[in-house]
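Just so it is clear, A, B and C label the chains in written order, and each chain counts residues from 1 on its own.
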C-alpha cells in the first residue's frame, strides 16, 4: 500500500462502504423477494424509501425523539406498502415486464409529485440525533462518526433479524419456497398471496428504515429514490433474484466497491494520468465501476451469485 | 450417404445427463421415428439436431457438413425444418402470413429496407400452395391463435415445409389431436415420404407404425434399439423398457390386494375438461378413488395423466367438470386451499425446493390435515427413509435423484394428507431404489393411506394397487381392478406399450 | 408441461391483430395526411397574425419528441426490445452539437453527420453487448449503459458537468431562427417517418416483427435474430440521436437530464401512450404527452401528478394506447 494512503483512511472508507451497503441491503431485500416470488419489477420501491425519509423528517420533530419518530415513519410506510400492493401491484402480477416497468415508473411520477404537493419542493432537513453527533474514537487511529456507527449497528441487527426470520422460521421457509417454485409452494399449502402481501409490507418498512437513517447524511428531497433504486437493482442482479443472502452479499459488494472507488480511484488515476484527464476520468470511472461489475457478473453468471431458482 | 448422422451425442444439464453417446442415422426421404418412455431425451435430441441446444459431446453431420456448432437459423437455411412440441407459431399473424414469413426467410436476405414485401406477390402464391398442401386453404385469413388445436399443428408442419427442408423434424405432431385429425396428419406425413426425410418423435404407436420406415428407441438418454418396425416390436428389451422389469429383486410382497366393498369415494372426478391455452387436453375424465385404496392412472406419455393430477390440485384450473373431495366440489379453488383439505402431491420431477435444506423441506409444510391420532412427524419419516437422516443439513439441490424422490414423498407425508398423489415417482431411478419405494408405498397402503399413483411399471402395480384407470388422448378408455388387468395382456399392448 | 415462469415473450401489447396494414395507405388516408402536413407547413405563417408564437415552440418540441419516440418505437414496438437506455442516444446527439459548438465547429454540414454517426456507433457498441442478454438482464444492461454515459458526460467539467452546456445553433449557411428550427424539425420528422414506413413494410420490418412475436420460431424458419435486432437497435438509436440534435437546436442548451434513465422512461411512456408497435404510436404519444403536460401545467403547478395518473391508467387499462382506441376493438 502506498505510503500516502494511511490505514485509517482505508478503514474509514471501508466502514462507510459497509454502512452504505447495509442500507442498500434493506432496500434490496424487499425488491428481490418481490421479483423472486411474484415476478414483478417494481420501480416504485425507491419511492417508498423517499416517503419513509419524508415521514421521518416530519415525525421526528413532531414527537421530539429520533427513534420514536423513525419507528412511526417505518410503520406508516409499511402500511402504505400494503395498500399499494393490494390496489395497484395486484393488477400487475399477470402482466409482462414492460407493463410492470412502465406502470411503476408512472407511480414514481405520482409519488414524486405527491410528496411535492404535501411537503413542497424544498429539501427537508433531517438532523443527526444530538446524542450521536459527536465522533467516536476507534482503534486509537480513527475518529469516526457515532451516527454512522449506529447505522452500521442497526443495519447489522436488522440483517441478523432478517436472517433469523428467513432461515429459522416456518414463514421464512415459505418465503424461500415461494421464491424458487411458487406453484409447488401453493401445492404444499402455502397461502402465497397473503405471504406476498406481508413480504411487500415488510419490504416497504425496510425501505423506510433506510430512508430515515440515511436522511441526515444524504439529502431528503424529491428524486432521492431514483438514484438508490438503480443501485438496488444492480445489487439484486449481482446477488441473484429471490435470494436474501444474495442481496446481502451483493449490497456489501456494491457498497464497498462504490465507496472505495469514489474515494481511491481518483487518487490512483492522478498518479497514472495527466491531471486534467484524471480530474474528469476519476469521478466518471468511480461512478461507472459498479455498472461494469454488474455487466461482468451478468456475462459470467447471468443468474447472479445465489439465485433462488435452481 | 445418410442425410443426417448423429455420432456420440451427449448432453448434460449440470449433474443430469439427458443424452449419452447417441448414434442415429436418417436416410434421404425416409420417415424415421424416435420413440421411448417419459424422460428418455427425445425432445432434447430434436433440439440438438435443430440447433436450439448445444451438445456437451458428439457431432452432428448434415448433408456432409458438420453442423455441430452452427446456429439454428443457419441450419434452417441449410435445410433442416422443425415443428415444436408445444405449438409455436406467430400467433397474431394469419395462416397466410405465417407461411409467407417462412417462404420469405428461405429466399434471400432479410436486410432489405426499401421494397415493400406485399409487392413480392410470388411469396404469397407459394404460401398459398403450402396452405393447400397441409389442408388449410380455406383458413388463409384466420389468425393462427384462433385456429383449432389440430389446425395449428397442421400449420406448424406447413411453416416447416415452407422452408423447403431436406430434413423435417416433427416433435409430437399429433399431440392433443383427435382421431380424425391424427389420420389427416398421418396422410400428410405419408405424402411427404420420398420428398423429404422426416425424423419424428411420437407417443401414439398407431401413428408410428403406420408411417415409419425405421424406428429408434431411446431409453433414459441412450439408444436401446434401432431397426424396422417389425424388429422393434418384437424386441424384448423394448418391452421391458416400457413395462418394467419382468424379474428382479422384489422388496414388495406379491399380493392380490382386495378392497372391501362399499368404501366411500374419497375423491370423485366427473367430466373433467382441461385446456392448455387453446388446446384441449382432457375431454371429460371420470374417476373415483375410494378411501383406503391404491388407484393408478396408466397410459403412455402425453395422454393426460399429469394434467389430470394438476387439475385435481388446482394447479391448472379446469374448464368444466367437478372435482369432489370428501363431498366438496373443489374445482376452481386455489391450490393452497385444496392442499389444506388434505391432498398432497409428489410431483413429476420431484420438485423439491433447492434452496431449502432437507430438514426444512420436510418440516416447513408439516401439518395434521387428516386429524390422525398418530400423525407423521419428522422422526417417523426419517425412520421410513433412513437415508435422509444423514442428509438433514444438506440443501435440496445437493441430493441425488433417489434421495430427492424420498424427500418429495416425505414432504408430502408430513402434511398427513387424506390422499397422497404420486406422479412418476420411480422415473429415472435404479431398479433397487424403485423396489424400495414400492415397498414403502405398500407399507403406507397397509397403514390405511389412500394413494393415487401414476407409474408405468404395470407389472409391479398389479401387486400394489386395487384399481386402475387407463387414459388415452385425454379420455378414460379402460378401468378395472388388478385381476382384470392381469388377465388381459392385450390391454397392455394396446394402451401401454409399443 | 406449461411453465409458471415468465420467459422473454412478446409483451401484452402484441396481443392484437397486426397493426401494420399490408397495403399502402388508402386514398382517404393519404389525403388526410397531406392536409395535416399542409397545416403544419402553414402554421408558422398563421401564428404571427394570430399571436400564437408560444405554440410554435410547443409544436417544435412536440415534433422533435415525436421523432425520438418514433425512433424508440422501432426498437421497442416493432422489435420488442425493452431498451431503458434510449435517452443516451437522445442526449449524446444533443451533446455532440453542444461540445462541437464549444470547440468552435459550427458548420451544420459537419456537425449533423458527425452527431448521427457517433450516436449510431454508440448504439452499435451498446447493442452488440446488450442483445446477447434477455428479459430483465437486457433491461438492466441497457440501464447500466445509460447510467455509465450519464456519469461519463457530467464528469467533463469543461463541458458543463451537472449544469449542462449552452449551445449555439449550427450554421447552414443561413442562421436559424425559431421558425427555421420548426421547419427543420418538421422536415426531419416527415423524412424519417417516410423512411420508417418503407423499412417497416419491407422484408426487414416483417422479419423484425417475427423476431419480436416468436424468437424461437423466427430462428427456426431461418431469420438471423441477433443481426436483425442489432440493425433495428442501431437504426432506432440513430433516429433518436437525430431528435437529440434537433432538440439542442430548439432549446440551445444541452442538459445532462437528457441522458438519464428517467428521460428513457419518459420516452417509453410516450410510446405506450400513443400505441406501442403501431406506426403512428410515437407521433400520437409525443403530441398527446406534450398536450397533456400543457393542460395540466395551466391548471396546477402539480401537473406531473396529473400526467402520472393518466399514464398509470393508460398502462393498466388501455395498453394499446391512443392508436388502440382509434383502431377500435380487435376483430
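As a convention for this text, a contact is a pair of C-beta atoms (placed from the backbone, for glycine too) under 8 Å apart; a residue touches a chain by one contact, two chains touch by 3 or more.
Keep in mind that this is a model prediction, so the values were computed, not measured.
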* If you tally contacting C-beta pairs, which pair wins, A-B or A-C? -> A-C
* To do: Would you kindly say which chain has the C-alpha centre located farthest from the C-alpha centre of subunit A?
  => B
* Asked: Distance from the CA centroid of subunit A to that of subunit B, rounded to the nearest Å?
  -> 44
* **Centroid spacing, where centroids are CA-atom means, of subunit A and subunit C in whole angstrom** => 32
* **Interface hub residues of subunit A, defined as touching at least two other chains** => 181, 183, 309
* To do: Sort out for me which residues of subunit C touch subunit A in the complex.
  => 4-6, 9, 11-13, 82, 84, 129, 133, 135-137, 139-141, 143-145, 147-148, 151-152, 155-158, 261-262, 265, 268-269, 272, 276, 302-305, 307-309, 311-312, 315-316, 319
* In the complex of these two chains, what residues of subunit B are touching subunit C? -> 50, 52, 71-74, 76-77, 81-82, 84, 88-93, 97, 101-102, 104-106, 108-118, 143, 159-160, 162-163, 276, 306, 316, 348
* For subunit C, which residues are in contact with subunit B within the complex? -> 1-2, 14-18, 22-24, 198-199, 201-207, 210, 213-214, 216-225, 227-228, 231
* Asked: Can you list the residues on subunit A that touch subunit C in the complex?
  -> 35, 39, 41, 88, 91, 95-99, 101-103, 105-110, 112-114, 116-117, 181-183, 226, 230, 233-234, 237, 241, 279-284, 287-288, 291-292, 294-295, 298, 302, 309
* **Complex contact set, residues of subunit B against subunit A** => 313, 315, 334-336, 339-340, 344-345, 347, 351, 353-356, 360, 363-365, 367, 369, 397, 411, 415
